[in-house]
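Across the two complexes that follow, chain A remains constant while its partner is chain B and subsequently chain C.
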Partner chain A sequence: MAEQIIFYAFSCLLIIAALGVVVSRNPINAVMSLVLCFVTSAAIWLLLEAEFLAMILVLVYVGAVMVLFVFVVMMQDIESATLSARFAPNVWPGLVVGAISLAELLVVVWVRREGLPIAAVPEPHPADYSNTLELGKILYTQYVYAFELAAFLLLLAIVAAIVLTMRERPGLKKQNISQQVSVRKEDRVRVVKMEPESDA
Partner chain B sequence: MANQLQQLLGQFLPEPFDWLVLTVLQIVALIICVILCVAYLTLAERKVIGYMQSRIGPNRVGPGGFLQPFADVIKLMLKEVIVPNRSNSFLFVVAPLLAIVPALATWAVIPLFPGFVIADINAGLLYVLALTSLGVYGILLAGWATNSKYALLGAMRSAAQIVAYEIAMGFALVGVLMASGSLNLGDIIEAQSGGVSNWFAIWLFPLFIVYFISGVAETNRAPFDVAEGESEIVAGFHVEYSGIAFAVFFLAEYANIILIAALTSVMFCGGWESPFAGWEFLQGTVFAVIANPSLAWFAVKIAFFLFCFLWFRATFPRYRYDQIMRLGWKIFIPVTIVWIVVECGMLLLKIGPWGTVL
Partner chain C sequence: MLQTDVLNYGIAAAEIALAVGVCLVLVVDLFVRDKDRDITYLLSLAVLAVTAWLVAPIGMNGREVTFYGSFVVDPMSRVLKLFSLLTVAVVFLYSRKYLKERDLYKGEFFLLSLFALLGVFVLISANSLLTAFLGLELMSLSLYAMVAFNRDSPKAAEAAMKYFVLGAIASGVLLYGMSIIYGVTGSLQFDEIATSLAAGQSNYLSVLLGLAFILVGVAFKLGAVPFHMWLPDVYEGAPTSVTLFIATVPKLAGFAMAVRLLVEAMAPVAADWQSMMIVLALLSLGVGNIVAIAQTNIKRMLAYSTIAHVGFILIGFIAGSPMGLAASLFYSIIYVLMSAAAFGCIILLGTKEAEADQLDSFKGLNERSPWLAVMMLLVMASMIGIPPFAGFYAKWAVLSAIVERGEIWIAIVAVLFSVIGAFYYLRVIRMMYFDPPKRVSTDSDELVPIVAGFDVKLVFSLNALALLALGIFPNQLLALCTAAFM
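Presenting the complex of A and B:
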């Protein structure tokens, strides 16, 4: 009973936030609605006992990815950005994607109604069951090669992104920070000893 | 104590509600404690920095200046909250709330003394990481909603800094996780029981230093306080905030400082555990009580780290911005990665007090 109340409350919030992403004229409001979407979906995942995924969703998407999003959007001049003008050309792709998503959702509803075994409700785990521990065990034993391969691909992507965006402009003046930090008093200050010149 | 209270409540409340009322009471008690700590941390800051600079600090309100925080709060509450004309007024008002909520909500998983924690969840460390990463939104939105160049610059600086240092912080906590073998903060404290020689601060010393300094940078405190850098951008992200809205930002900053101090003592200094826990000869004497784990030890450790925050502020000049970025990305992250590898070796060779984890 309580679970259902929480589920429907968060689902309503999620739908309202998702609508906010699409409808909102102000890009910052849209991005903040997307943040709200992520947080509410994390709460719904918690109800499904997927606490590791829920925390990681908040940590990675809300804590890092969306911060960079907000960063970029904040740099824009929102006075001149009229979103409604750019909305119309994207109507047809949007409708197609929406229709496909709706069809997928309807398939899930149909599977549930037919009572097929793939949609059976799993047994709830006891309170001391650690989702994170189980996930870690399986990732580092059964799927260790796939996992390491994914990690390696990500590293490659990071290096590639840095190499692609780093351009050496000619005539660029640079500071050598480690040289600046490790400077000592003797390098900069010269103490000159001299006799006092006053006769008094 | 919590169990007795629950039995008492159970006598006149139906089944789920006695638990609900008890939890709400615990949350309210904890938040009041945190807010009182914030109030006296502001006084302590002015006093400590005052004495470090050969001044007296506030001494007019109440005996020895003891009522100064209340005078400040009443003054701020009575002032007008000014919302700038061309600002986004909704986000302008919401931003301080977004700053304060994660700072207070993280306290739910911090164990205060043996057997007391509001939410004993086994993904506690992840919860802490997730919530502390939310705190940046308050600053970012405040800077943008104000519609002022100074505020926007402050928000940008703060966001870049927090994103950079969060990674080093996360890596430092990976080391703690490996040593304790658990994500539950209570288990992390238990893993450090048995005196000061078992604390992670000794065995993971580089991670401890990285974590604490990153914590100082995360909370935008001196010497990393370029987000408000008053000599360059007036007051940074909260330049247009006044009255209670400013007070909420102030509260969030200090609540975050106390949180970082508490987390550092939980992760690296054994939380409630006593540093003398392994000393046999104390047993049977009047000093036996100092070897017991208690809230007092936790408070002493938090107080020490808070003093360090004030000490740094009085001692170091502000960092240049590019040097802050360099310290975060090019020094702290490599240091944590190297020490995690060293720690793997220690775990394999069973060096250190955690030989039983594997």
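Presenting the complex of A and C:
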């Protein structure tokens, strides 16, 4: 019973937060609503005994990705009026997609009512069961090869991104420190001898 | 009984060494100044040598599986890995001159090549859908970055963009097919998928759907018609040393991918994918050979010639027998050698001011350098498939396998298209021997000099002579390829 109350409470909060992302006019408010979305989803995952995923969601998405979002939003001067004007033509396709998604959800619910075989609710694990430990065990034994390969893929992505973006563009303005240090007085300062102009 | 649940790191020694080597090159290159870039170059070659030394004894005596069934070594993986190492080394030897001339001589070229090679290795040794996909992505991502490597060339950027978008779609399609097959058979491992399919309990239509998606992914990576659109643009737009890389090593990986995904995992539905492949093979032969005639850019021409060769490689798969697969493997290796030589020659003739990527740049090569003209003659003759050269034995092996299967009409069509294809190779030979060479200026008699170091000329000559040698003594290599599928 308590579980259900928690689930419904967090689900409602999640829906409100998700609406906040879409509806809010201030981009910062939208980003903050998204943070709330992630934290609430993490709580729902905890109910599913997926505590590792819940932690990762908070750490990676809230801790890293959303910070990046905030940076991007703050760096850019976004006027919500021009933004919503750009979105206006997309309202109809958006509504169609939304309606289809809603219909699909309803079909799933309907199929469930038709008595198709559905997996039984799994037995909850005992309190000392560690999801993280089990995930670690399988990740470092059965899937160790794939895991290491994924790591190499990420390394490659970093290298490729740097190769493609870091270069000397013509006309790039930057400091040349050795030139700055080795500059002499004669290069920069011109001493002009002048006769005093006043007679006093 | 295969023991698959033990972590046997020993048989993955080559992959581990290569991965460590990649990291080593990455770190060392940070501390190397631009004028000492040869250190990175030599270190990369050393990494290849060490890996080759480790690969050589692995997998000689049959099949071994490790990492809980996600990694396999067998005689085929050994042959393919050794030849990919050799090819990458040859690519490095050719590329040094090209990169130096164009201020592209940076550690990243070697680093990305080694990353791609690691992906090729993973793909060659894949025994599960997951590993195959990771290997493929490791290879493809490096290739996308390599194509865009020359950041000041808008053409290269355009080619990279096309390659990336189309490649990402192909990967998505392949992944979709994999997910369907996983859903139907309930396993990621190739041998278990084959067992499950052979049991015949899965929904046939779903299997066919997944199979079609996987075949599209494989065809895209190999460049078979109608999934070939990226090939000419990428070949033309990329820096020639990158084109050289893309035209060679990934084809060996594509062959391995087709063997693992189709021949091993999908063996029970072989009749289905073979009939789909007939369409791919014949279209590739037709489009490749006919469209190549219209090209004036030799890189584009070779791209279409690649498509035609891929058609031949697929014919070996259609034959389906161990002999057919061995013939395909033999063809792939010979094709890689020919392709390396042809692009090597483009690099050799090119200068900083002018790429030798137009057909016109081969005009009168005989007057400029008789030796190089003879070598290029060998390469072109081998590509046509004239008897004493390796290309002839490759075509002959594939065709005799398909004739043995009883599909004589495929062999006849393939030969007809090859005869059409002979035209554009012969045109290069005619230009080299019968057309007047380009002069420095219109009124002077001085020929445009060939600026190339002794090392590039030596590698090119050895490469071209290898085609002649393999044509006269093909038995060693043929035996190696046949042993891979026994």
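Here are a few things to note about the model shown:
Definition applied: the second predicted complex is superposed on the first by the 134 of 200 C-alpha atoms of A that agree within 3 Å, B and C clash if a C-alpha of one lies under 4 Å from a C-alpha of the other, contacts with A are read in each partner's own complex, and residues count from 1 in each chain.
We adopt the following convention: a residue touches a chain if its C-beta (ideal position, glycine included) is under 8 Å from a C-beta of that chain, and two chains touch if they have at least 3 such contacts.
The structure displayed is predicted, hence computed values, not measured ones.
Annotation for the three-chain superposition on chain A: chain B and chain C fit side by side. Of the two partner chains, chain C is the only one that A:141 touches; chain B does not reach it. Which of chain B and chain C touches more residues of chain A: that partner is B. By the touch criterion defined above, A:35 reaches chain B but does not reach chain C.
After overlaying the two complexes on the shared chain, residue contacts for A:157 are found with chain C alone; chain B is out of touch. Once the two complexes are laid over each other on the shared chain, residue contacts for A:149 go to chain C alone; chain B is not touched. In the superposed pair of complexes, A:167 makes contact with chain C only, with no contact to chain B. After the two structures are overlaid on chain A, the closest C-alpha atoms of chain B and chain C sit 12 Å apart. In the superposition on chain A, none of the residues of chain A is touched both by chain B in one structure and by chain C in the other. Within the complex formed with chain A, the residues of chain C that make contact are 7, 12, 19, 22, 26, 67-68, 70-71, 108, 111-112, 115, 118, 122, 130-131, 134-135, 137-138, 141-142, 144-145, 148-149, 151.
For chain B in complex with chain A, the residues that touch the partner chain are 16, 88, 91, 121-123, 126-127, 129-131, 133-134, 136-137, 140-141, 143-144, 152, 155-156, 159-160, 162-163, 166, 183, 322-323, 326. The part of chain A that touches chain C in the complex is made up of residues 141-146, 148-150, 152-153, 156-157, 159-160, 163-164, 167. Those residues of chain A that touch chain B in the complex are listed here as 2, 26, 28-29, 32, 35, 51-52, 55-56, 58-59, 62-64, 67-68, 70-71, 74, 128, 130-132, 175, 177, 181.
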